[in-house]
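Common to both upcoming complexes is chain A, partnered first by chain B, then by chain C.
For the complex of A and B:
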């Protein structure tokens, strides 16, 4: 401690040292800002600028060639908020998200617990479980449509005649099932990393107390995975709210068919912009949806992500 | 020495002048304007044929050179982006279902000025088809080809059921379907939950898609169409485990379908051994049909409008369209061009078939409502009246 103080006190006694240090710090900061500038520039160009521009055009009648007329105001917001199809889209995405996220997390965690064991062929299982996550969602959805059609393989096995992806009462759950399977591999990776960061001594202490495996999981493992839970809920929750490709492929376009069962907010926005050429309405719907997702993230941060007092 | 040098220099100047003059003359005589024509891909055969047509144009026109751009997927979206960037192709396909919307957005050039200036004869186009690309008296494109719906039947399934001719009326359609069902065909008719099929039945019942949408004629036509599905005489492609009704015909899942002339090349390539017949669309109280047609139109932002007009007017002329029809892949939109390749039954609908889209600028949104509401009516969660009312509002942009 004394030595440290002496060294600190010695600094002013060396002429030019302070300015040299300052220069070095400035150079270091300059490099730092330099490195940050490129990604910030990209972020600004492709995210911040379009976002601000979207807010701007959301106050106008905006067509393919730009502003249509001089009228401006909140009419696009009013149209979107009073559109029953947008309400359906919000209801569909809420149901989808509340169904798919817990299932993804449950399946991902189960797989992570399984492959965290010292079992033979562990690497094979890790790769196998992760494979659907890296496969193209378009390819997977197309194959699923084939397997689950009225006379497809799935119905041959269970002896049914239901067109799972064409029936308004089952298409939502079919997409939930499909995405639970494809996304669980990624969830598994995050949980696996979190499981391996839990120190062994807590399990050793539980073993000394002869705690059952079930109790160990619920009282030790699950609570200690809380940061992973928060991370997965936020990341995969937002991912679920951005559902597009499966809904688009299943409906063979942005129609939301059958009977609006695949109409979700991103499909709604896409259809307004590229189907109806009404970019003002599309932008207003985008801004409204951004506010909803942002608010949900804050709520999740304040609830699931809340840090326990030390 | 000086004299010789002067002669050499003079010769060089003379040769240089001659070369420059001939280059200038050549430049003047071969001034070529490049134009781009864009369309979507309709399969390898049709793409190649279109390229051949463009090649003939280039060979016969020294002042305009056309380049074909095929947009493989999401044509409407790709074109929207190019319109927005003020960089559209000079000439391009426009489906009759979007012409109203694009015209309203101001991205399509009116052709009236060019028609008047060049005294282009538009009377050879079937009026209903040309009408699909007109707004009032303003022409926004010429139909390049078209197709109505027709009745296609699986001959061997009909023969097994003791039927010898395709149904011509609604009553025959029902009775034939019942006969087929009695001979083991679970769902004799394939019907999509699609207004692009059901719309024809509305006109067959003297209804309309453009006025009095909630009329009793429309209600009864919808109930007939939906009734076929609810009774099991008909089924949707998804129920039959196929992608579309053409596949149902080929796989003998259904014996009767209502599709356009696009079913012909499909059957030829996918089910070459299936014998089927094509007859004009069934009729109800009247003959009614929809015309699915695509125009060649010009971009308002085209930098070479005169050259674009030269190309557009040639492509849709008798000569251009005759070459386009030469392989029998489509149906002529001009009365002075003959249909070949077994397409004669389709042509009979030319006088009365209505252009799909009806020039309505709100049609895309209305079509979304149509499809979703029809599935709701079929499942029983909406009434026919509610659907017709929703569609009427959507067509008005409400």
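For the complex of A and C:
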């Protein structure tokens, strides 16, 4: 059946082996371009072009109605760089990231170690710990706001009446706690994969030496997880720098309330655009923050990332 | 070596009692951690059945249990519209992503054409363009095109993602070439090979893509906020709707909890049914911010 159809189709068009080969190559390339046309169009129009367009906008006075006047220059950049609110945003996100990443990694690794034992109900526990990571951040934050409000469940348990997410001195740590909880499940999945790639004979050697579990962990497991540590620091560090949803919901907008404690860079960009209708400044802040994250990524790849065994 | 292990066997019984205690403590610890992880969800569920005074006074159990908050949310709020909007957007975006990521992934995995590698680097390069940089130009573009506040704007920017395309390409690379060779001998065109041979073979990858993309679109808050957030309430998605609802009616705690449950529920159901896809997806593609 198969042979007969190919034979009947091959016979009429046979102007020579070379040209059919060339025809097939050309046809394949044609199909190739045809197939990637739509995806490349989407990426070009909604990723590459906006990237360039953002830089363009950042050099103009740009309001809700578009470009205002023909003046262009780096004034938006100097506005952003001299804006004390932007400095606050950078300081807040730096503090947040330095606090949340070690906690996420510590909790995620602890959960992974618990799950990695030979236990009953392993899947149940893994799913329980992982679920907050995939549940909607809006719903989780809304629930947290209720549990941690002045008369909420948390205060009933510890006997306090602090509004954790409404007080400028505690809101930062409250978001750190919230996101440590929700992100640790994802960290756990990465560490589990890494733990399962450690060969058993390493542990057998430790067991023969009668090394305590605590010592085995710090002397053997932890150092062997080095590539996973570095991977997680880079991935979750960059994730932390993009904090937006929780800060926006806690403050019920992009005001940075209470007292600029939730003012982080992406909130700043959003507020400049939709609060102050200054798209030029917002675009400039976006470019500046992109450069900062890009530089940090390069530095991390060259320092911690470099020590990864090939 | 083997003998020493065997010789140690008789000493196991005395050790096992200590082990049993240890084991019990370990399970107690696990259950405690799981309980801490569950408490917020249990509390949300209980609160959704409380009367308003009960919820403010933080009673442990509702008395009486009432579904009035559910009625308020379902009949008097716009949550049904939010859910409909989210389901519609998720369905369209999932289908577009399967088709376009499949087409592109197949071409990058299998077809030879000049500039293929360069284009592929360009695709991966889009992963470096952060949302905070795209936000201003995409908003301006959509306003200029008259698409601001229309579903089309959200669908357009989500037609296909580099992550999905990469995911499909990686899967196509693992499929043996024999299948296509047979189809080629049969005189099938490349599109026919893609549609009839490769796409069906990539069913496991497509299932993972459907689940992860549904979760991504359902949970998305940022882009609906940008594209519909300036008062286009008829187009609110579930997450944007919940946030706006909370902003307006935060004192109606039971109703807010009902809204939160609705915002979580579909992903919970899918998660319980297809757990392995979530785990494999997160390891191979990336993380939520």
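Simple rule for what comes next: the second predicted complex is superposed on the first by the 263 of 310 C-alpha atoms of A that agree within 3 Å, B and C clash if a C-alpha of one lies under 4 Å from a C-alpha of the other, contacts with A are read in each partner's own complex, and residues count from 1 in each chain.
Just so we're on the same page, a contact is a pair of C-beta atoms (placed from the backbone, for glycine too) under 8 Å apart; a residue touches a chain by one contact, two chains touch by 3 or more.
Computed from a predicted structure; not experimentally measured.
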| item | value |
| --- | --- |
| Fit or clash - chain C, chain B, common chain A | clash |
| Chain B versus chain C as contact partner of A:161, first or second or both or neither | first |
| Contacts of A:277 with chain B and chain C, given as first, second, both or neither | first |
| Chain B versus chain C as contact partner of A:190, first or second or both or neither | second |
| Touched chain A residues, chain B compared with chain C | C |
| Touched partner set for A:177, first chain B, second chain C, both or neither | neither |
| Touching partner for A:135 - first (chain B), second (chain C), both, neither | second |
| Partner chain in contact with A:290 - chain B first, chain C second, else both or neither | second |
| Residues of chain A contacting chain B in one complex and chain C in the other | 66, 151-152, 274 |
| Complex interface listing, chain A residues touching chain B | 63-66, 149-152, 161, 163, 165-169, 254-260, 263, 271, 274-277 |
| Residues of chain C that touch chain A when the two form their complex | 26-27, 29-30, 33-34, 37-41, 43-44, 47, 56-58, 100-101, 103-104, 106-108, 111-114, 116, 119, 122-123, 125-126, 128-141, 144, 156-157, 159-160, 162, 165, 182, 185-187, 189-191, 194, 215, 218-219, 221-222, 225, 229-230, 238-240, 242-243, 246-247, 250, 253, 256-257, 259-261, 263-264, 267-268, 271-272, 275, 278-279, 282-283, 286-289 |
| Complex contact set, residues of chain A against chain C | 2, 5-6, 9, 25, 27-33, 35-36, 38-40, 42-43, 46-51, 53-54, 57, 62, 66, 111, 114, 117, 119, 121, 123-140, 142-147, 151-153, 156, 181, 183, 186, 189-190, 193, 235-236, 239, 242-245, 248-249, 252-253, 265-266, 269-270, 273-274, 279, 282-283, 286-287, 289-290, 293-294 |
| Interface residues, chain B side, partner chain A - complex | 76-77, 80, 83-84, 86, 101-102, 105-107, 193, 236, 238-241, 362, 364-365, 367-368, 371-373, 375-376, 379, 381 |
